[in-house]
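The structure under discussion appears below in the form of structure tokens.
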Amino acid sequence: MRTLVMNVRLFWQGTLLSYIALFHWLRPVTYLASKIVMPLSQVLFFTFLGTFATGPSNAHFYVIGNAVQIAAVSGIYGVTMSIGGDRWNGTLPYLFGTPANRLVMFVGRAFIHVIDGMLGVVIGFMWGVLLLGLDLSRTNFPALGLTILITTFSTSGLGLLMGCLSLITVNVMFINNAVYFALLIFSGANVPIATLPVWMRAISEALPLTRGIASARAIIAGASLAEVAPLLAGEFLIGAVYVVLGYTLFRWFEVQAKRRGTLETV
Amino acid sequence: MNAIEVSHLRRVYRATIGVLRRSIKEVVAVEDISFEVGAGELFGLLGPNGAGKTTMVKMLATLLIPTSGAASVMGHDVVEDADAIRRCIGFIFGGERGLYWRLSGIDNLRYFGSLYHVDPDVAKQRIPYLLELVGLKDRGRERVEGYSRGMKQRLHVARTLLHDPEVLFLDEPTIGLDPVGAREFRQVIRNLQSEHKTILLTTHYMFEADALCQHVAVINHGRIIALDTPAGLKGHVRDLSVIELEVFGVPPAVVDRVRAQSYVESVAVENRDQKQTLLVQSPRGSEAVPDLMAALNGTRVGRVVVREPTLEDAYVRLVGGEV
Amino acid sequence: MSLRLIRESWRAMWAVAEMTLRQQVMDAFILFTVLVQPLIIAILALWMLRDKGSEFAIFIVVGSGMTGLWSSLLFISGNTINLERWFGTLETLVGVPTPLAVIVFGKNLANVFQSLTSMIVSYLLAALLFGYTLRIEQPVLFGVSLLLTVVSFISFGLIIAPIFVMNPSVQQWQNAMEFPVYILCGFLFPIALLPGWTTPLSVLLPPYWAARALHGTSSGGAKVEEILLSWAMMIVFSAIYFFIASQLFKKMVVKARADATLDME
């Protein structure tokens, strides 16, 4: 019982600290700029571009795709920096020196970003409804909520993996940005997957977000939870795979670093 | 005309502390400083860390604006006429930073050379000459990120001399250099002085000021506490002998007791690893040793040496005991 | 201002541009902003606009190049003074006879040149990978428009940098300013798609006029008066921004010297 309580406390402490430390959450202006204006501008840009390309009747395709893709911001930037941030702050050696439960530590870092990511997606949808005429009248809201939850979870999984990669390489921002933008292509946010060549479709299937976006589009068009269940299960599974991969890499890194004494290398 | 004139210069730093509840803290770095440096002179600013030396030099180099008071370099005011000053001065604040580490040493010099309006043909000749002067002749093509700290310092020196300025501000220039490098560098400074350049040097190495400078201003807590030639400064302590006592862990109360002795002028405590050296200045010289041992009752004492005072001791006496 | 001073500042500016290019060519973050991101946007847009026909290829190549220009201005040029402070070189740069504004001008010049390479690469991408035939309708006018674009972007960059330095809270909006400019300036779609009340905002932004000129001369269909109007607006804006920038830089340096913020403590 005591271990459980300790782990829970560890979880919450890590979570809150990592968020505050890295995002100056206490400043409302930064929050406003990054959480509300940025998603809006991305949704607007791609929706306008999309309707320019394929006609105004397709607006919802782009709105939904980009709104859900916003989960990637928290997943990739938030979680990656959360782990990579330890290295830059030099606190990783201290963390590794504790007897704390590694898995709890690891997952705890991502937790707040999942919440944060969901909030971002909701805000994205809100803008879609307010400004771009998104029609949610046929939507099964619990199903949509579940979709958002699972999608943010799976992008966070990707973020965890990338966070571990960042512990090894130096050019983490390059990779972060490249993946974020690549997702705009591969996730189907702006381009129907069916129109992509086969090899690109394969990549799409292996990435998070793809099934989540498809599921969201289906739900808003009126599908039931049962109909999108296979997609959601797939999305969840992908996320879990990334989490496991990331955790394995994390433990490997710790062993390597301790063996070679390179905990504080940049 | 004096090369540098400083009149009642004062510089206050204001820092805001705290994130949610902000308060303002004021630190007076330079309290009230006045001095003059003649053309072609080698002038030293000597003082412990935090005395205000770097702040002083930055104001003269037009990088900081004084809070009050006035200063001029080559007749130009440091605030109103900064552009004119920048053409004829060079400055080093040294250290690891201040260079473009992705570029080579030569490229750094070419870059700064063009910023200093050095003619490209002139630069082409000066750069190899300067690299040789500072001992970087074969390393010029390497990227600065691979340089050691001492090499970076030397590249700073080369940079400063690119445009052949009339006035040089050298802030702690031999820090980070090994003893041989430092000695070579001091020779470079002497050579520069023989070319009639005006040099303002800051240092906390007393022997350096003694060896190089014609005049030395001793600074502490933002004020000049003495201004004289090195010989003149030594005169402050001519009547005193210095007794060095090697001790092992002396508590502050005991130091105060020694300081309170009537025949003791000043006590400085020098810490090195496990050992401490008490530097006691007293006109009684070796006669004071038995009484000192009594005052140090209980503390283990190792070597005891009695010697003539140096500029270092004068400095210690002036600055008040902490090294 | 003496003739000698102008000549030396001119020379210094080119030296700065050259050294900046050499340094930045190896920087991954810069390469991403200047090259990779515009390319991804180009690929995305080329794919999305497939069905509109190959005449749109040149439109996308030019438009995505402009997104690269703006992003590099926002993130690289905007941050350039802060970066020098981080390097520890800002003090030296202030202490040299060359004015800081001239130095930053040189850096912006380098950034703009680097950005334009992305336009060339997406041109090759569209031509070779996608197999489109791309034609610039009015090459000479396009060339002049490009030159004016370079100048107006540099001048815009000259005021962003000191504003970011003097008002760090403005820099918080840096990320949020990226896409809105793409939208309002009509880089990849005409602003006719936007609600009417945004047009005054668009008109006040120099990149909008640059986009009009570049798109008009490359995709064709623009009347000579329209192009001349765009050129005139770019020239006017550049002049205004150069003037404002010179004032801002003076203020910024004096303030930094008074507040002791030329170096990190």
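In order of appearance the chains are A, B and C, and numbering begins at 1 in each one.
The rule is simple: a contact is a pair of C-beta atoms (placed from the backbone, for glycine too) under 8 Å apart; a residue touches a chain by one contact, two chains touch by 3 or more.
Keep in mind that this is a model prediction, so the values were computed, not measured.
Hopping across touching chains, the smallest step count from chain B to chain C is 1. On a Cα centroid basis, the chain most remote from chain C in this structure is B. A simple rule picks the central chain: find each chain's mean C-alpha point, then take the one closest to the mean of all protein C-alpha atoms, which gives C. Chain B and chain C have Cα centroids separated by 45 Å.
Measuring from the averaged C-alpha position of chain A to that of chain C gives a distance of 31 Å.
For the pair chain A and chain B, the distance between C-alpha centroids works out to 53 Å. Against chain A, the residues of chain C that register as touching in their complex are 28-29, 31-33, 36-37, 40-41, 43-45, 47-49, 51-52, 169, 172-173, 175-176, 178-180, 182-183, 188-190, 193-194. Across the interface of their complex, chain C is touched by residues 27, 29-30, 33-34, 37-38, 41-42, 44-45, 48-54, 171, 173-174, 177-178, 181-182, 184-185, 190-191, 195 of chain A.
Residue ranges of chain B in contact with chain C, taken from their complex: 13, 58, 61-65, 83, 86-87, 89, 91, 93, 95-103, 107, 110-112, 114-117, 120, 159. Residue ranges on chain C touching chain B, taken from their complex, read 8, 11-12, 15-16, 19, 22-23, 26-27, 87-89, 91-98, 103, 254, 257-258, 260, 262-263.
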